[in-house]
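You will see subunit A twice below: alongside subunit B first, and alongside subunit C after that.
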Partner chain A sequence: MTTLALNNVSKSYDAENVLSDVNFEVADGEMIVIVGPSGCGKSSLLRMVAGLEPITAGEVLINGQVVNKVEPKDRDIAMVFQNYALYPHMTVFANMAYGLKLRGLSVDAIKKRVTETALLLGLENLLERKPAALSGGQRQRVAMGRAIVRKPAIFLFDEPLSNLDAKLRVRMRLEIKALQQRLGVTSLYVTHDQVEAMTLADRLIILNDGAIEQIDTPMKVYQRPASTYVAGFIGTPPMNLLKCRVVSSNKNEVSVVHHEGATFRLPGGRVAKASSDEVTVGIRPDHLVISEGNQAKLQCAVQAIETLGSETLVHGRIAETPEDSAPFIVKLDGNTLPRIGEVLPLSYEMDALHLFDGNTGLRLASS
Partner chain B sequence: MSHLIIIVGLLVIAFPVWITIVAATHDSVRVTQVPFPLLPGDQFFINLKAMFSSREEAIGGIPVGMMMLNSLVMALMIATGKICISLLSAFAIVYFKFRFRMFFFWMIFVTLMLPVEVRILPTFEVVADLGMLNTYWGLTIPLIASATATFMFRQTFLSIPDELLEAARIDGAGPMRFFFDILLPISRTSIAALFVILFIFGWNQYLWPLLITTEKSMYTIVMGIKSLLETADGEPAWHIIMMTALMAMLPPVIVVLCMQNLFVKGLTETEK
Partner chain C sequence: MLKRVHFRSSWLPYALVAPQILVTLVFFMWPAGQSIYQSFLIEDAFGFSTEFVWFENYTYLLTDSLYFDTVFRTLFFSFSVAFLSLSIALLLAGFVDRIIRGAMFYRTMLIWPYAVAPVIAGALWVFMFDPTLGILTAMLDSFGWHWNHRLNGGEAMALVIIAATWKQISYNFLFLVAAMQAIPKSLIEAAALDGAGPLRRFRTIIFPLIMPTGFFLLVVNVVYAFFETFGIIHVVTGGGPAKATEILVYKAYSDGFIGLDLGGSAAQSTILMIGVVLLTVIQFRYVERQVDYSS
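The block that comes next holds the complex of A and B.
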């Protein structure tokens, strides 16, 4: 049983606040992915859990014990770094054995553990090599091996895949996922890549500007983003977000909100919760379809097209709005190829609309 | 054209060395004749033997072997001493946070402006008061404190990614373990490069040994050559002097040749 909990953790460098009031818990065997743009404080957060960075305020608990003052080596954690941080002068074997050696294991025990781990990761033929003689993917595996071999209570991953090329990244992503599930080790994984986050996580933490925007399963985060920030961050292409003004609002009826050139109808209860008549309506590019006949709810003027084969991305803006108005993206199936300049009639399900408060950016839920 | 410049430059540098070699292979009569011979003679081994065995007044009465040994001990002590001290001080400055860290760094930096020649009198006074005249300690300690080497190691350490330290901390290595297990092996090539530079620096010391050694048994070879000139009967034995000079040039050449691979790596290697 290993759990990790953060209570009101804050971090500041001099006067600058990097993280404020971070609270979350990681259950035994759970894989939590912290995702956010660069500079949002996600790496600082991980490094505080590792003990590499002092905690300004709050508590980090491992298995219910406050570890704020505990040295990294005594926290029973292992970390995989972005640049792998392999000891360049040691062989793969020595790299993996170093931590065990310092913990005073016998030579035989070390040999057994390292060999086991090497087999698990397919490194058995590379044990005598130095890191310089390994490819990126192999180094990545050695870094994983160095973490696994110690049998730590918690794995910490600091953007471990961002130095790999795209193809390898996809493969290693799957490997990490499989490995983590097989070993069942509580893990905290930091990345800026939302695809990585979505595929790896049991639960996601979306961090923005030092504060948590949302903690939930990947599916929930996708389906019910807690704020405009999350809505824009998770999902490719990102959700279309349109600033709207409430035209009519009634708790029990359909409310109407208006954006230049487009009108949206939403369940009344949701709109009524807005703090002012400024709201943001969101709709995912995937939820728009070309409407047949005169059912169109929206007109989109096509400005550019990206052909991806399986799908076509249409970049444009809502028809009859000024040149500089918000961009609007539509995802169509690969066989549909609209012409530039064409106006597409689009429709959507009312359920597909997301509503956010215009001032706070927070989601307005129906119930 | 550029080749021409290189060749001219090479000749300018190589000619005195050639003269030394030539002079060391002739007997005393031929060396003093005009014109000076430009091709080597056949006296090389005779001169070599004379240099090592002879205790005649003509060559100052100091065994060359002894002077070579003194120089070797001095150069080795200076090189290793400087490397040890600089490694530790650079380690402290890069990896430890303590009060006045930058102050100490600048203090070390400032000593760059104070070479031995500038502080020679007070240093002599200190060494004399400590009773270190005519000792190896007196010869080496004042030359060991070194800003250049500290600087170079600082740069080397700064180029090592922080994650390596963090990985070692998580693996359970304390500061000194990190120093010995990780930092030293990684800095191997820099250490070798510095060793070469410092060995030659130590070997070529002239002014300082001249000042603090009064007993002939502590003479170093570089200053010994000078004393060979001051023979009583006026006629310096040029062939022996040149042979001695040749011997004095040898160890630095050997060190450079043996360590040139590491040396070049240490100065150019960037990947850590």
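The block that comes next holds the complex of A and C.
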């Protein structure tokens, strides 16, 4: 039983503020994934939990105990590093046994634990090898083994898959997920890859510029992004975000907003919450369909096409958007192949529209 | 696989290595050959007659107990210097590796002694330990220790070891700090999370990983102590008192240029050369086995 909590945690290097006022809790056995672009402070956050980095302000609690001043080795934490950090002069066995030896286990007990863990990870034939003689995936597994073998209270993962090739990354992702569920260890996982974040997380934390944008389950984050930042970050291809101006606002019925000539109709209550008449409308590329007859709500001029086999991505411009603005992306099924220059009539469900405040970027929910 | 570069002309590769070969031939092979030839000759002190005597110079040396005293003295001196300068440099590098504020300052200060010429370094220490006006002598005097390296052979040896060590610490320090900084920080952090304190991390992670550098330094230091300490000894003690600090290079010099026994001196140089080659081979054979380069 281990829980982890962060209360108003901040971090600054000299005068520069890296993290401000971070609050969240990790329940026993839960896997929380922290996702954000590089430089958003996610690694600093992890290192503070590990005790490798001093905490500027706030508290980190493990099982309700404040651990700000507790040495890393006394926090009962294991970490998997991005570069694996295997001891290059030791065999795989010695790498895994190192932490156990320091905890004063007997030779027999160490041997038993390491062998068990090696079997679990399929490393039993590699125990006598040195890290230099292992492939990337094997090294990754040894790094996992070194963390698991100690049976720590908390696992920390610092972008453990980013040094692997794409295929291996997918496989290791599944293995990590399965392992974490089987062992039921409270885990904190840091990544910049949103697919990794979506697939691994029980709950997601989206970090932007040192502050938490949203904490929720992957599905909720996808369906109801809390801000334009989250909307643009989660989902591939990203959500189309269009800056709009409220033209007619009606509290009870339908409000109309304009974007360079394109018109969107939205439930009145949502628009009324905006702080000004500037709003941002978002629509996912997946929620657009080619409309039949004269039902089209949008016209999109096709500029480029990416054929992925199972689907076709269309990059184009809607209405009178200027040349240099970000392309409007539409996801079509793989058999539909529009020509470049063609104008696609598109339609969507009104529910599929996301609305954000034009000034704060925050989601405007319906009532 | 290494790609082999093919030059179309056959003379170009030879021309490219020629300068290096030429320098080696002129400044090493030729004098070494001359020295070996000279070691078979006995010449009178005024240079009027020369006699070819085969190995007489060598048999004379190898049956001379004074020569063996010098050999053991040299070994003692060299290994003391190598051991002391390496361990002190390791200690300092370990400390500098751990501090965050002012690391640059310490590093710079610790490297400076290397820029001091051996003779100047010797002169510094000679002044500090001068039996009549040395500042350290005065300090030792207040503890009741009457330091006089001009009379006491042991103190003279200690002084040349200190001077030679002081000079070499900087060099070792520089390499060891570089080796320590090449160790990924995450390795140290992983060890910390695994439960290792600073001392154990140093012993089990840092030390094994800087062994290749340490071994290289051991070879360099021993060779340094054998040959390059001539200047220091010349200034500090001149080999005295009563030859208490006369090491092999110094004996080769004083027998050849002071005693004018050129053949004997040449024989000593040849033995010294073979000795250092053997020593290096032994170090590579036996010490290097303990070194893991795989990282």
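By definition in this document, the second predicted complex is superposed on the first by the 364 of 367 C-alpha atoms of A that agree within 3 Å, B and C clash if a C-alpha of one lies under 4 Å from a C-alpha of the other, contacts with A are read in each partner's own complex, and residues count from 1 in each chain.
Here, a contact is a pair of C-beta atoms (placed from the backbone, for glycine too) under 8 Å apart; a residue touches a chain by one contact, two chains touch by 3 or more.
The model shown is predicted, which means the values in this text are computed figures rather than measured ones.
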Practice item. Answer with clash or fit: subunit B and subunit C placed together on subunit A by superposition. Key: clash
Exercise for review: Applying the touch criterion given at the start, work out whether A:89 contacts subunit B, subunit C, both or neither, answering first, second, both or neither.
Suggested key: both
Check your understanding: Given the touch rule stated above, what does A:151 touch, subunit B (first), subunit C (second), both, or neither?
Key -> neither
Review point. Touching A:130, do we find subunit B (first), subunit C (second), both, or neither?
Key: second
Review point. Which of the two partners, first being subunit B and second being subunit C, lies in contact with A:171: first, second, both, or neither?
Key: neither
**Study point:** Which of subunit B and subunit C A:102 touches, first, second, both or neither
**Key:** both
**Study point:** First (subunit B), second (subunit C), both or neither touched by A:79
**Key:** both
Review point. Where does A:52 make contact in the superposed view: on subunit B (first), on subunit C (second), on both, or on neither?
Key: both
Practice item. For subunit A, give the residues common to its interface with subunit B and its interface with subunit C. Key: 50, 52, 72-73, 77-79, 81-83, 85, 87-89, 98-99, 102-103, 132, 146, 150
Study note, to complete from the structure: Touching subunit B in the complex, subunit A uses residues 47, 50, 52, 71-73, 77-79, 81-83, 85-90, 98-99, 102-103, 132, 146, 150
Study note, to complete from the structure: So, in the complex, the side of subunit A touching subunit C is made of residues 50, 52, 72-73, 77-79, 81-83, 85, 87-89, 98-99, 102-103, 130, 132, 146, 150
Exercise for review: Flag every residue of subunit B that touches subunit A in the complex, lowest number first.
Suggested key: 161, 163-164, 166-173, 177, 181-182, 185-186, 188, 271-272
Revision key, fill the gap. As the complex stands, subunit C meets subunit A at residues 184, 186-187, 189-197, 200, 204-205, 208-209, 292, 294-295
